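Multiple structures follow.
Below are two complexes that have subunit A in common, paired first with subunit B and then with subunit C.
Here is the complex of A and B:
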C-alpha cells in the first residue's frame, strides 16, 4: 500500500476515534518514519535533556526536562507555550523528573527520587501529589481517570499497579520471574491495549510478555538471544549491565513497538514491531538513539535526538 | 654665565625624562611582579571537571550541584572554571556536534541552578585522561603551592576546606 495513502487513512481513522478494530489491521512488512516536527536543538534553549513526553487530545506536547527540573508545554506546531517547575521537593518541584502521562486535561509526572505521582492541569498548574507506595518505573494514564504504574521492588518484587485518582490500589500483580536471582531484573516498561491487557518489556531481561488485566501470562518471548543477564559489580553489589528493552508503546492499530536497548543490533535505535501474538512483523531503526518511545492518539511517534536536546515527532508509514 | 637652553634642548630633556620615568615605572612594575613579593601572590583557583556523559545520572548531577551550592556566587565567578569533558564522537564532525550539545546542556543546567561558573568545552579531549581517572575538582592552593584533586562527591569536610582555600 502506498505509504502516504496508508498514513492518510490512519490519520482519518484516528480523527474518527481512537478505536481501530484489530481485524481491520492490514498486514505490514515494513515500517518507516517521516519526520514532521523537531523541538529543541543547539540553537535554542527549549530543551536540555528531556526525559518524559506525553500528548493530549489536541496534539499539545508535554515534556519533562531533567537539566532544568521543569515541565514544559508545546503546541501541536512545536511552539513553546509554558514552563513550570524548579529543583526542590515542594509542590510542583522536581528532584529528578522522569515520566509523563496524560489523560483528558490532566498531566501526570513522576520523579526518580520521590515516591508519588504529581498531577498537573493542562495549564501546568500543580494540583497534588498522588501517593504511590514505591518509585515508578513506567506510567500510563487510563482514560477513566485511573493510572497504571510499574513500581520498583527491592526487596519485594517489582509490581504492576492499577490505581484510582486518589492513589488507592485497585489491582496489582508481581513482575518478577521466579527464575530471577539478581537485582533489578524485574524492571520493566509496559503498554496497555484497549482490552486492558498488558504488554511488558523488561529492561534487563530479554523478554517481552503479554498478560491479562489480572496478570495471567498469555505469552512471553525473547528476541535478542540473551542467555544470562550480564552483571557488573557496583560497590560489591552485582547489578545488571546491559539493557534489553527500553520502552514499549502501541500504535493505533494495536501493533506493539518495542525499543531495543544495548543488546539490540543498533543500540537504543532498533524498534521491533510485534503483532498481538508477539510475532515480529517488522523492525526499523530510529535515526538517533532514544531512551523512550511515545505514540500519540493520532499515531505519531515521538523519540529523542541530539542526546536529549531535541524531541522529534514522526509520521509512521506502513508498507 | 651660562646660556639659556634652547627650545630644542628643552624638548630633548623632556623626552629623556619621560623615557627614564617610563623605564623606572616599568622596572617598578616588573619588581612588583617578581614572585615572592606580596602583590605577586598568586590567587587560589579551582577547576571543575564535569563529565557531560554522566549528565543522565541523577546522583552525579546532585554531586555537582552540592559543590556549586557550597561555593559563594562571587567566588564561583572569580576563582572557579568549569571544564566540560565528553567522549569524542566517531568522526570529527560528530565530535563538533557533541561539543555543541554539551555547551547547550551546560547552559540549561547552569541557568536553572544559579551556577555562575564560566565553563569551557574540552573540545580536543585534553582532559580526557584526567577525567578517566574520575571527575572531580582541582584546587590550586597558593599557600601550599600545590594543586589538589578532590573526586566527586566531595565530602563535607573537604568542601569546607576548598571554600576556605578559595576565599582566603
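Here is the complex of A and C:
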C-alpha cells in the first residue's frame, strides 16, 4: 500500500469522532463492568436474536436481528425508534443479517450469503448495495464512506480489504498463515486503531496479531495455550473444532479488548484487555456469553445476553 | 432377561433394555451423529446438489455459514 492510501485511512479514522487525550490513558490493573442499559428480554419482543450492533455519535443504537430479518434503531435511552427490513433478497431485505457498522450518518450491514454491503441512512432508509468481491466475515466503517472488511476466500486465503464507498478496493492483504492447512483457519475479526493499524483476532486459531496498514506483521501472540489449531477430519475436510477468539474491539484509550471463544476459561465470556504491544493488562468475564463486543465513542461496551434476546450496555470501569 | 423380568417386572426390564441399546448406539455412533448443530448444518450444506455443482464457491458458501454458526449460534461455541 502506498503512502497516499495510508493517508486516506488515517483521514477516514480521524473523522470517526472525539478521541480521549492520550495523557488521560488510565494505567490498568483491573477492569470491571457496570450495566447501564438493557434492551430486550424474555418478557418483550424488542429483539429475537441480535447479531450485529453499531452506534452513532449521538448514542443511538443500531441492531441487526437475525430471527426478525431486520435492522432496528434504539435511542440512547434504549427506547425503540424504528425498524426496517423483512425476509427476502430485495433491496433492504435480509436472509441472514450478520454484521453492522456505522460511520457518520451511514449504517452498513451485511447478509451472510450476499457479496456486498448494504448501506442505510440514519433513518434506516436503504440507499444501495456496495459491491464486495467476496463474502464478508468482519466489517468496520472507517469514516468518509471508507470500509474495511475481512472476506473469505477459497481456495485463496481470507483477505482484509479496504474499500471506498463505491466498493473499489484500495488495498488488501492476506490473513492466512501458510503453516495452517485447514478450512476456515483464516477466519478472523479485526479492529483498527487511530494510526490505521489492524488488530486481528482469529476465530479458530489461538492467535491475535497487530499489523500495519499495509499488512506487515508487527506482532502475533497466543493467549489460550493452543499450540496447533484443533481440527476434526470429517468427509476429507479438516474442520476447525473450537472457537478461540470471537471478536476484538478498541476502547477510547487504545486498549485492545479480545473476546475469548470456547477455549477461554469462561467460554464466550472472558475478555482479554491488551496493551498496544499485546501484553495482557487485565482479564474480566462478561456476565453472560456473547458472540461479539462493541465499544462506542463514549467508551461504553455492548454485549449479548439471553442468547441474543437481550443487548446489554456497560460502563467500563478501570482500576 | 427372563430372570430380570421375574425379579423386577416387565416394565423395568424393558427400560433396562432400552438403556443398554441407547448407550450402545451412542458409543458406536460415527462422529457425524454426535456432531454439533453447526457441523450438521455444514454437512447438509456440502451435500446439497447445487453447492456441489458450485465446487469451491459452494464450499465457501457453506464455510462462512459454519463460521457464523460457531460464532453466533452454537451454545458450546
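By our rule, the second predicted complex is superposed on the first by the 293 of 319 C-alpha atoms of A that agree within 3 Å, B and C clash if a C-alpha of one lies under 4 Å from a C-alpha of the other, contacts with A are read in each partner's own complex, and residues count from 1 in each chain.
Note that in this section a residue touches a chain if its C-beta (ideal position, glycine included) is under 8 Å from a C-beta of that chain, and two chains touch if they have at least 3 such contacts.
From a predicted model like this one, the values you see are computed outputs, not experimental measurements.
In the superposition on chain A, contact of A:307 is made with both subunit B and subunit C. Of the two partner chains, subunit B is the only one touched by A:87; subunit C is not. By the touch criterion defined above, A:45 lies against subunit B but remains apart from subunit C after alignment on the C-alpha atoms of chain A. Look at A:217: by the touch rule set out above, it reaches neither subunit B nor subunit C. Residue contacts after overlaying the shared chain place A:67 against subunit B, while subunit C stays out of touching range. More residues of subunit A are touched by C (comparison of subunit B with subunit C).
In the superposed model, A:112 lies in contact with both subunit B and subunit C. Residues common to the contacts of subunit A with subunit B and with subunit C across the two structures: 49, 66, 96, 112-113, 307-308. Listing the residues of subunit A that touch subunit C in their complex gives 49, 51, 66, 96, 98, 112-113, 134-135, 137, 152-155, 183-184, 187, 203-204, 232, 234-235, 237, 239-240, 242-243, 246, 261-262, 267-268, 289, 291-292, 307-308. Residues 31-32, 35, 39, 42-43, 46, 56-57, 59-61, 63-68, 70-72, 75-77 of subunit C are the ones that touch subunit A when the two sit in their complex.
Of all the residues in subunit A, the ones that touch subunit B in their complex are 41-42, 45, 47-49, 65-70, 86-87, 95-96, 112-113, 306-309. Looking at the complex, you find that subunit B touches subunit A at residues 55-56, 58, 61, 65, 97-98, 100-101, 103-105, 107-109, 111-113.
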